[in-house]
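I've put the structures underneath this note.
Each of the next two complexes has chain A plus one other chain: chain B in the first, chain C in the second.
What follows is the complex of A and B.
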């Protein structure tokens, strides 16, 4: 009986990681009658189950290869009964399980943090319901092998995120930020839908693998590619389509800002999936690669220079999130630029992609930590304005140390995890084009300058008399911060192992277009 | 070693780096201990160096930090802030421009590529 249940769970793993948060989201509001804690415990429990399932799924991917699942089929492994994929297929390879693991880990920690951070608000059941929906949207986008399904989960993610950004509805700024996010998301989703229509109109297919195999590289395909790239670049917050990021990250509750980081990264994943798997053989894909590199370069520089003058701690961090997205775009963009040149790909292209993909998980951790630290400061002082802070290091020493760990990591200082991924990017990108690498290094110096300002303004300097009663944040809020700090140090000390276990398989999966397509077609 | 990360041109080992860091700290502390100890506490000898001026007693806020950098980069910031209007109409406008540029590049570039 136990073995049968175990087999059932393993067989349906790809569907369960999406279904569990989706169903839990609709049950969450009903639990309010048992108290606020019941809703938060329910959410943490469900996200923990999803985290465990994603780890098992990832293990199976590494051990047995790509995991696929046909939704609604009597035999879930029966993908193409008549040689054509007619059902929605979930296809999990190493890169999608890497993204799923990164995302769900940050959302789970944000949820644990929220148990205390959001305690004082009345409608927390809506908050948790939307957070679970957001998790379902992210998991769906990571694991789907179907274009239309991707659009649906993008919509689920966008709507839940907009609701969460507007959670402080009594503040006009939060409503404005959510409105901007909603407009941007609607336009992105509309363009994705239009691109899907162009592809479906030509090939009668929605499955990514089947589409990848059927391409004829027509003008309509190129228009579809341009629409998809633009939409996902906007959703991942790259310059010059980054304007919504500062508002959305800045006005959302701190744990949601941390979750939005992974929500943006899942759009980055969609962009990479489209470019490598769907359009990887397009002769003109190098044009897109150069666009991605240029977006990355602009994101790095504009992001950090716009962060430096910010007075609002969360807006400052939001601009840094844009800047760090640039590193990921740069690394993977360089890999895409040399995808058809096997010598260059082996010499530095794969390394550049490894750097970019490694930076995704590193960024999720240190930016998650920094946003949660910002939330801790706001929780205790009630202000986001750096000009009104000062001397908090004496009152919140643990938070100050945790901020320092996040700060040293984002600036790429050894021995933290940010250094390892940035080192790989610098070295590999230098072989492609030295100027790009030099800009990336300058951006790291400016990042350090910017975070020194935050550390000085918030934690050192003259102590403000109004904060003399401020004390350290509650233990439940410290737990996710300590876990993230521990992971940052762990990833920093053992970068070779992390690269081997998580990053290299993810990069190989992204490059193995034939393998992804071969599972379905 | 488990902590070693192999890169294209070499390797990175955080444990070796930390060992080197500790050695440098020890040498630094030793050199510092050779310095003069006859300074007078509470006098201007131990005051923060503020370009030869008396340090201000009031709080230096975050807005005052890096003012020289912002002054030097004034033109850049004037230009870049012009794009950050905060208006959603402009965001959509930028998006349309990017879509058009990418489509044009793909079509023109695609023709040249063939």
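What follows is the complex of A and C.
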């Protein structure tokens, strides 16, 4: 019996990681009558279960190869009856489980943090409901193998995120930020839908793997590619369309800002999935790759220069998030540019992609840490303005040290994890084009300059009389921060192990186009 | 503000039954004819919109709480139906062709449309109907009652 139940869960793993947060999201508001704590405990419990399931799923992907699941079939493994994938198929490979693991870990930690941070607000049950829906959307986008399903989860993610950004609805700015986010999301979702229509009209297929096998690279396919790339670049907050990021990250509650980082990164995953799996054999993929590289460069540079003059601590960090997204686009873009040149790919392309993918998990961790620390400062002082802070280092020493860890990591100093991924990106991109690498390094220095300002104005300097009573944050809020700081140092000290365990399989999965397609067709 | 005339109120009373029946019809025949849970739920929500416009002044308090709960129940019902299919796979249609509830087997070819078919699809239509009805009603109520939004 025990063995049977284990097998049952393992067989249905890909569906369960999406279904559990979805069900939990709608049960959460009903738990309000048992008190606010019931809702937060319920959310943390469910997210922990999902986290465990994702880890098991990832282990099985590494051990047994790609896991697939046909929704609604009489047997989950019945993917293509009569040779056609008629059902929605979930397909989990190493890169999907890498993204799923990164996202759910950050959301779980944000949820633990929220248990204390959001306690004083009314109607937190809706907050947790939306947070769980966001988790479901992210999991769905990471694990689906179906274009239309991806669109649906993109919408779930966008709408729940917009609701969460607008949580401080008594502030006009939050509503404005949510509205901006909603407009950008709707436009990008419409572009994705139109691209899907173009593909479906030609091939009659929605499954990503089957589409990849059937591709003929007509002019309509190229239009679809352009639409998909611009939509996902818009959603991940790269530069020409970055204006929503600063508002949304800046105005949302701090744990939501941390979760929004992974929500943007899942669009990055969708972009990579489209470029590599669907369009990997397109002869003109270099042009798209150069566009991605240029978006990355622009994001890095504009993001960091816009961050320099900011006075609002979360807005400043939001601009840095844009800048860091650039590194990921740069790394993976270089890999995409040489995808059809096997020598260059082996010489530096794979390394560049490893750097970019490694930077995703690193960025999720240190930016999550920084946003949560910013939330801690706001929680105690009630202000986001850097000019009004000062001397908090004496009052909140642990927070100050945690901020320092996050700051040194984002600027790419050893021995923190940002250094590991940035070094890989610098070295490999230098072989591709030295100028790109130089820009990346200059951006890192500017990042350091900007964060030194934050540290100086918030934690050092003269102690202000109005912050006499400021204390260290409660223990339950410190726990997620300490976990993140521990992971940052761990990843920084042993980057080789993490690369071998998590990143290299993910990059191989992204490059293994035939393997992904072969599961279905 | 008591300017809603008696005629409007009486017509609203009369319309309650036909609108309710039409909405329920669209939901229940979702698997046979155009429409379904979403369209039927929206039709039912127009009922609430009509009542809100007509009898707004008679409400003592905003009944949005009940719709909030109903909305969750609709969604939970929908997802649980998907979970019940887990004996085969998530979202598996476990009621179809079993001669039970909505389980009448249908032969290939033209038929006049049998209500008692399609397995879990009519049940999911009902769940979506409840969800859309309560969510749209909630929106109408929130807009009409000048609900002030969240405060600290």
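Everything below uses one rule, namely that the second predicted complex is superposed on the first by the 521 of 521 C-alpha atoms of A that agree within 3 Å, B and C clash if a C-alpha of one lies under 4 Å from a C-alpha of the other, contacts with A are read in each partner's own complex, and residues count from 1 in each chain.
By definition in this document, contacts are C-beta pairs under 8 Å (C-beta built on N, C-alpha and C of every residue); 3 or more make two chains touch, one makes a residue touch a chain.
Model, not experiment: these values are computed from the prediction.
Engineer: Could you tell me whether chain B and chain C fit or clash when both sit on chain A in the superposition?
Structural biologist: fit
Engineer: Given the overlay on chain A, how many degrees, to the nearest 10, lie between chain B and chain C at the CA centre of chain A?
Structural biologist: Superposed on A, the angle at chain A reads 140 degrees.
Engineer: Given the touch rule stated above, what does A:351 touch, chain B (first), chain C (second), both, or neither?
Structural biologist: In the superposition, A:351 touches chain B alone.
Engineer: In the superposed arrangement, which partner chain does A:423 touch: chain B (first), chain C (second), both, or neither?
Structural biologist: A:423: touches chain B, not chain C.
Engineer: Residues of chain A touched: more by chain B or chain C?
Structural biologist: Of chain B and chain C, B contacts more residues of chain A.
Engineer: Identify the partner contact of A:414: answer first if only chain B is touched, second if only chain C is, both if each is, neither if none is.
Structural biologist: first
Engineer: A:179 contacts which: chain B (first), chain C (second), both, neither?
Structural biologist: Only chain B is touched by A:179; chain C is not.
Engineer: For A:508 in the superposed arrangement: first (chain B), second (chain C), both or neither?
Structural biologist: neither
Engineer: Contact-wise, after the overlay, does A:202 reach chain B, chain C, both or neither (first, second, both, neither)?
Structural biologist: Once the two structures are laid over each other on A, A:202 reaches no partner at all.
Engineer: Pick out the closest CA atoms of chain B and chain C after fitting on chain A and give their distance in Å.
Structural biologist: 23 Å.
Engineer: Report the residues of chain A in contact with chain B in the complex, numbered from low to high.
Structural biologist: 179-180, 183-184, 187, 191, 217, 219, 222-223, 225-227, 229-230, 233-234, 240-241, 243-244, 247, 283-284, 287-288, 291, 302, 305-306, 308-309, 311, 347-348, 351, 386-387, 389-390, 414-415, 419-420, 423-424, 427-428, 431, 449, 453-454, 456-457, 461-462, 464, 492-497, 499
Engineer: In the complex formed with chain C, which residues of chain A make contact?
Structural biologist: Per the stated touch rule, the residues are 8, 12, 15-16, 19, 22-23, 26-27, 29-30, 69-76, 120-123, 167-170.
Engineer: In the complex, go through chain B and note every residue touching chain A.
Structural biologist: Contacts found on chain B: 2-9, 12, 14-15, 17-18, 58-63, 65-66, 69-70, 73, 76-77, 80, 83-84, 86, 88, 90-92, 94-95, 98-99, 102-103, 105-107, 109-110, 113-114.
Engineer: Help me check something: in the complex, which residues belonging to chain C touch chain A?
Structural biologist: Against chain A, chain C makes touches at 68-69, 72-73, 75-76, 79-80, 82-83, 85-86, 88-93, 149-152.
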